[in-house]
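Chain lettering (A, B, C, D, E and F) follows the sequence in which the chains are written, and residue indices restart at 1 in each chain.
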Amino acid sequence: MRIERLTPASYRDLIQPDRVHGSLYTEPYVFEDELDKIFHRGWVFVAHESELPNVGDYVTRTVGRQHYLLVRGQDGAVNVFFNRCQHRGNLLCNKPTGTAKNFACPYHGWTFGLNGELQDVPHAGGFEKDWTKLGLEVPRSGNYRGFIFASAATDGISLDEHLGRAKELIDRACDLSPTGQLRLTAGWVRHEYAANWKMLPENDTDGYHVGFTHQSFMRAIRSQYDSFVSDEKQIKGVIRDWGNGHTEIDFAGGYTKPLEWLGSTPEKVPEYVAALEEAYGKERAEELMHLGPPHACIWPNLFLAEMNIVIFQPLAVDKSVQWHTPMLLEGAEGLDFRLLRQSEGALGPASFLVADDASIAERTQRALESGDPWCDLSRGLNREEIDARGVRSSHMTDETSNRGFWQHYLHVMGG
Amino acid sequence: MNTTALERPALSDAELREVTDFVYLEARLADEGRYADWEALWTDDGVYWVPRADGHDPNTHVSHIYDNRTRIATRVRQLATGYRFSQEPASPMRRLLSNVEVTRLDDGYEVGSNFMLMETVVQSTHELRLWAGRSTHRLRRVDGQLRMAYKKVVLVNGD
Amino acid sequence: MRIERLTPASYRDLIQPDRVHGSLYTEPYVFEDELDKIFHRGWVFVAHESELPNVGDYVTRTVGRQHYLLVRGQDGAVNVFFNRCQHRGNLLCNKPTGTAKNFACPYHGWTFGLNGELQDVPHAGGFEKDWTKLGLEVPRSGNYRGFIFASAATDGISLDEHLGRAKELIDRACDLSPTGQLRLTAGWVRHEYAANWKMLPENDTDGYHVGFTHQSFMRAIRSQYDSFVSDEKQIKGVIRDWGNGHTEIDFAGGYTKPLEWLGSTPEKVPEYVAALEEAYGKERAEELMHLGPPHACIWPNLFLAEMNIVIFQPLAVDKSVQWHTPMLLEGAEGLDFRLLRQSEGALGPASFLVADDASIAERTQRALESGDPWCDLSRGLNREEIDARGVRSSHMTDETSNRGFWQHYLHVMGG
Amino acid sequence: MRIERLTPASYRDLIQPDRVHGSLYTEPYVFEDELDKIFHRGWVFVAHESELPNVGDYVTRTVGRQHYLLVRGQDGAVNVFFNRCQHRGNLLCNKPTGTAKNFACPYHGWTFGLNGELQDVPHAGGFEKDWTKLGLEVPRSGNYRGFIFASAATDGISLDEHLGRAKELIDRACDLSPTGQLRLTAGWVRHEYAANWKMLPENDTDGYHVGFTHQSFMRAIRSQYDSFVSDEKQIKGVIRDWGNGHTEIDFAGGYTKPLEWLGSTPEKVPEYVAALEEAYGKERAEELMHLGPPHACIWPNLFLAEMNIVIFQPLAVDKSVQWHTPMLLEGAEGLDFRLLRQSEGALGPASFLVADDASIAERTQRALESGDPWCDLSRGLNREEIDARGVRSSHMTDETSNRGFWQHYLHVMGG
Amino acid sequence: MNTTALERPALSDAELREVTDFVYLEARLADEGRYADWEALWTDDGVYWVPRADGHDPNTHVSHIYDNRTRIATRVRQLATGYRFSQEPASPMRRLLSNVEVTRLDDGYEVGSNFMLMETVVQSTHELRLWAGRSTHRLRRVDGQLRMAYKKVVLVNGD
Amino acid sequence: MNTTALERPALSDAELREVTDFVYLEARLADEGRYADWEALWTDDGVYWVPRADGHDPNTHVSHIYDNRTRIATRVRQLATGYRFSQEPASPMRRLLSNVEVTRLDDGYEVGSNFMLMETVVQSTHELRLWAGRSTHRLRRVDGQLRMAYKKVVLVNGD
């Protein structure tokens, strides 16, 4: 089966409650449609405040085909622009990060201020348009606890509506810092997959594959391999669909000791424990040390990956990038070295874990062109629960998260 | 280019050959997936570092790899399980190592070299993948044999 | 002329009895249409029985965008599957060949038996579907004298109908073995062309180009160069259109001595001669030694290339692979070394012959975008003969074979 | 905004008097439409007579997807063919230049004369068509002062109509030679841009960017940097729209001394001065030495780049080549060394100037996918003048040239 | 890595230079299409082998090339005709040869080296093509000159 | 291959090492953007030539680069302005230099070598770019130091 054009009706045919069709991963037209509806018109994560701490600091970033320039203005707020000169469209800034007084375009010298205003048009005698209308183009943007989101559409739902209950997940991450602030300052590792972008969030909130895809690591470190592979009931993690495409694996239930998620103990990191207690009180500090960080995908391109922050970047129907940076905590700088090394071990092309996920995604990308490629999504339909808030949860190995992803996908794509 | 090197005795031809042979051997063992032999080239305090770019500090920047000796061993053990799917089956690969420049250190040698590695991604895409960059080895003699105490690889395409 | 969409009517316009239009080689839409109608829905050669002799032996192969997994089952029969896990679609097996007890998917550990049945779903508590309906997907397949064919369509004509009279050509190959069996055990050489796949079968049954494209080899070995180039009447080979797109150059008429096609004589290979005589009797053995192997394309992707077997693989509108393996004969192992070397000399990117064919195909691919690119196909229309069986034949240099190819193409594509 | 299909109406929407929309540089469909309407059906520059001076000399060249073969025939005239064998479409000649007695196709030996006639069909017994109808396919072509143009369309406006007033610009180039003849014999440098082809002519007739894009060179040679950047009134060059898409920057007004455009003086090149005076008289020679060469784009792919000749070649929507060769003058061979070095300094991937233009084009190509990417073109609308011939001119930094380009583009594409 | 090599006298610097120069010369002659000179580097019993992958046996696996001395000569003769269309015009190409490791044999030397070759396919696509792999040369002295008795090339992208 | 070289004294190992170290240094300075140091390697009459293809004559063919010493200096000065946009920011790059063959000249050495350069085009496309070819250096001793009087680079993909 090869589809020329998908209509909303056909998305409904291809996305069923218990399965989805492989063509959604392989059809170039679907990819173009996703860029438009999900990555351009929808809200996407673009950067974190801590990446540009001082006035004049900037970060450039690409989401889909939108090139963003984020700048810390004189007023201390972060401005979000399209990274395009308003004259003839040159990429205004071609560096990943830096600090600037203003942005002079290298093509004809038009100069824009940190707030985006057009400050200079060389040889002004030939230019009679109103400069005030030619500041940098400003997409909609918003900020939740330092996470900056943007949308290239001129209108649509608010960021608040988009995040919905997922703000709790972001809170869970930030609250691990004694000051409530994260420091995404260690840089981003690029990991390119020859696979469709949707396999990244699906895999990242798949609690079922861990004991199989990652068995080489578990064997190498003689870890919880047996429990993972053999006994379904030993697995205490919980999978959740928070709605709006936000999904989670909650590992907290599986932790037996505080700070297990840090590969540490309160005794080994007394300064951190003290700082948490001072900030939040003893009880809440203990709770935080037991809960640990979230493991959750915020639709469509942000992944709170325990002590890492991850961005998904779609490049082509069969090419994506997973970027990651360690989630460093303000007020807990003593943990940095440990977090850096934990990050390198888990994520990226040379890591012990995600290197194998990527390889499997690349295999799947190829196989999904064969035969009539339905992907089963029924796991756990028999044992899900919905709580009062409407959050759906199930056994950690269940596909509740991926079903939540696809139901929101259908909604956004025109279901 | 290290001016302090000038005060140390010049490198003999025999030393240059020994050092060059060592880095060729290291490359060959890695190319051929002989990881146990490769691991044996490390000193007990070996550090293997692949930063994302030049000028980074492993205390503040995330790297591709920053392995202490224990993690190097884990890496080799993982490959040996037969379930390291990103290398099942193993990629055919060869790395060219050239521009070998050796400086004497107090306790051994520092070796700068450029490399290019080509592999075929037989696990999935069957495409060619190219890596290039500059390696810095620090070698030390342990029980009469050269061993690798430090290897840093700065990729041209690491970022 | 640049065509957006071809309808059956337009295929008829572009494929005329005496010429075809170059856009059929260069239009991406035509390529997609061919993958669907020819390589996915039609019968295609996938592998030979001798490649997987023992229980558990497997071979993976890709035709168009279909990924096949062939496995020798416990019952000794070869099973043909799509190489795709029925759970989330991972490429089940990523090795070219091997031997297995079963196939455990590395993503979540679902395990399939040699007969394709789903044998294990780890953590079964979350999965309530009927396992018996989730065995590996099975395309239609068939086997003629060890040659295994498949079709990704759920119905259509039978393999027997598809092969039609071409079975005779396969017989001619197999009969050269004293046991009637071939051994395709020497591996396949990959030869990538930056050209449309149709140029491969066209060129391979083109008897006209030999003295020109291959003149460097003929000059180097001081061979039949003069006769090939100068005198049409000296050329004794016959070209044939067997129908259904199966086409042939029959060199037998040009052989002056037995085993000439082997570059040998009966005296030099007495064991082989004896084995043939023992198997088939003296008379038939002599006949076989004179006839030699077929040189024939079995629509659409199999080429019986004298003492080689060839597969055509389309990769993109302008990218193809020609795979070859020497056709080793069961019961004549003593010929192996000679056949291996003959294969290397004739086929592959480093060969004396086909390297030049490939280069010309790549040139043609480029030129066919210029002007109004009609390709003449009229050669021999003046001297063809049709026999009682409906097989059409002509002088070896005539385009009877290529016309047969295109008429069947038109039929399949919707003429 | 992402456009599926552009109709003439939508080109009108996207091309406005004072701005154009970035999607015209990034949409694959637009690129295909341009190949058809501009590069295949329209008149394009293919080669210069001096590249093939003697009988049998040939040049091959590609424009869009048309492959041309130009040959100097026995009668001394240059014949223009499609470089495609009339048999099965092989690229007849795969060398960039050379000398031939005839063209024997390496596929089956069909042989074509220097005038394109089919001279030999090997094994003629199988071929009954009329040879005289199977000479090489001849596109329309024409020649103005040695510049050879072709069109792949069978009819349309004449070359004379197409060139219109731009013939004056070609004259201005040729007249710098004492014999009126150019010698494009130094070979062409290939400079690939990862950018849409339209950015090449736009940039090449943009007088506004010089002081900004090229400031590193100006600083390095401590040249007219200050005047260029600071004072609009010091700039004496004139920008012109000659109609039909032909556009110009005329630097003559800015030259203060004769032969400034050559980086020389009359005293340093007395032979050249004498030759000019002998050919044209003292007065005209002086005028020529003051005027200098044209800096003008002849729609769509020829650029008279002062003492260089440039070809634009579109490869893909985001890939182009700018080819250049120094414009050597017949009768002034003593200038060759200087002109070669001047060429290397200005143009090509290792040059001091155009390397930076190319990098900016590649940046712009990326940015033009972001937001709602309008490119401003209004510069100088307030101060243009139109002369009696209809030629529009303005201050050198004005976008008169680019507006002329786009108005003609709209006309050709169906405005 | 050949332990028997240890029993033989160590390779002198002069020998290493001579052997290295030989393989560089061989590469250069091939790069520059000087095939007659290249052919003259072979011994009379030379074998040139390009298997599809490592670990193959030429008696059971089909190779890219498995040329005896006669076939090497034919190959060169074919290129010299001017009608070898896959190399008309000849590709500009250069091969980098590095990681040269020399072992002494009873009658000469075995040389391991890695290579990468880049060519421009000027005959048709004008694209770059890359090849990489490992070469094994066996050299023997004939009439005082080093000659090549065996060359095996295992490509990274041969299969 | 230069027969006149045979009449000159053979190249010592020390000379070979010195010459090799020089070309490695030149490569490293260029890779690392240390252009002032790189410029200092040239003699006062240095010529840097990158023809489009082999066999060209700079008097009749246009080249990629044909720099006399003045133009070399301008090139370096331009890069130092910070406004050379085609190299802002600078490409990470490394060049492998191999197959080093040295011939003695009357006043120095001629060095043939093959190279491959990989860079990431961080200014715009972020793609990898590969260059390969053959370099010819002519070195001369100036005030006791080797200096570069001539460098010619013939690219495989230059045309």
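One rule holds in what follows: a contact is a pair of C-beta atoms (placed from the backbone, for glycine too) under 8 Å apart; a residue touches a chain by one contact, two chains touch by 3 or more.
These numbers come from a predicted model, not from an experiment.
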Set of chains adjacent to chain B and to chain D: A, C, E, F
Pair sharing more residue contacts (C-beta pairs) when D-F is set against B-C: D-F
Centre distance in Å when chain C and chain E are each reduced to the mean of their C-alpha atoms: 33
Centre-to-centre distance between chain E and chain A (centres being mean Cα positions), rounded to whole Å: 50
Separation of mean Cα positions, chain F and chain E [Å, integer]: 27
Chain centre separation (chain C, chain D; CA means) in Å: 47
Multi-chain contact residues (two or more partners), chain B: 13, 83, 85, 96, 98, 116, 123-124, 130, 159
Residues of chain D whose C-beta touches two or more other chains: 91, 94, 106, 213, 356, 360, 363, 366
Pairs of chains, among all present, that meet the touch criterion: A-B, A-C, A-D, A-F, B-C, B-E, B-F, C-D, C-E, D-E, D-F, E-F
Chain A contact footprint on chain C (complex, rising order): 32, 35-36, 65-68, 82-92, 94, 105-109, 122-129, 134, 137, 139, 152
Contact footprint of chain B on chain F as seen in their complex: 13, 17, 21, 24-25, 27-28, 31, 92-98, 116, 118-120, 128, 130
Parts of chain D lying in touch with chain E, wherever the complex brings them together: 91, 94-95, 106
List of chain A residues in touch with chain B within their complex: 185-190, 194, 213, 215-217, 219-221, 324-326, 336-337, 340-341, 343-345, 348-350, 352, 355-356, 358-360, 362-363, 365-366
Residues of chain B touching chain C in the complex: 83, 85, 88-89, 122-124
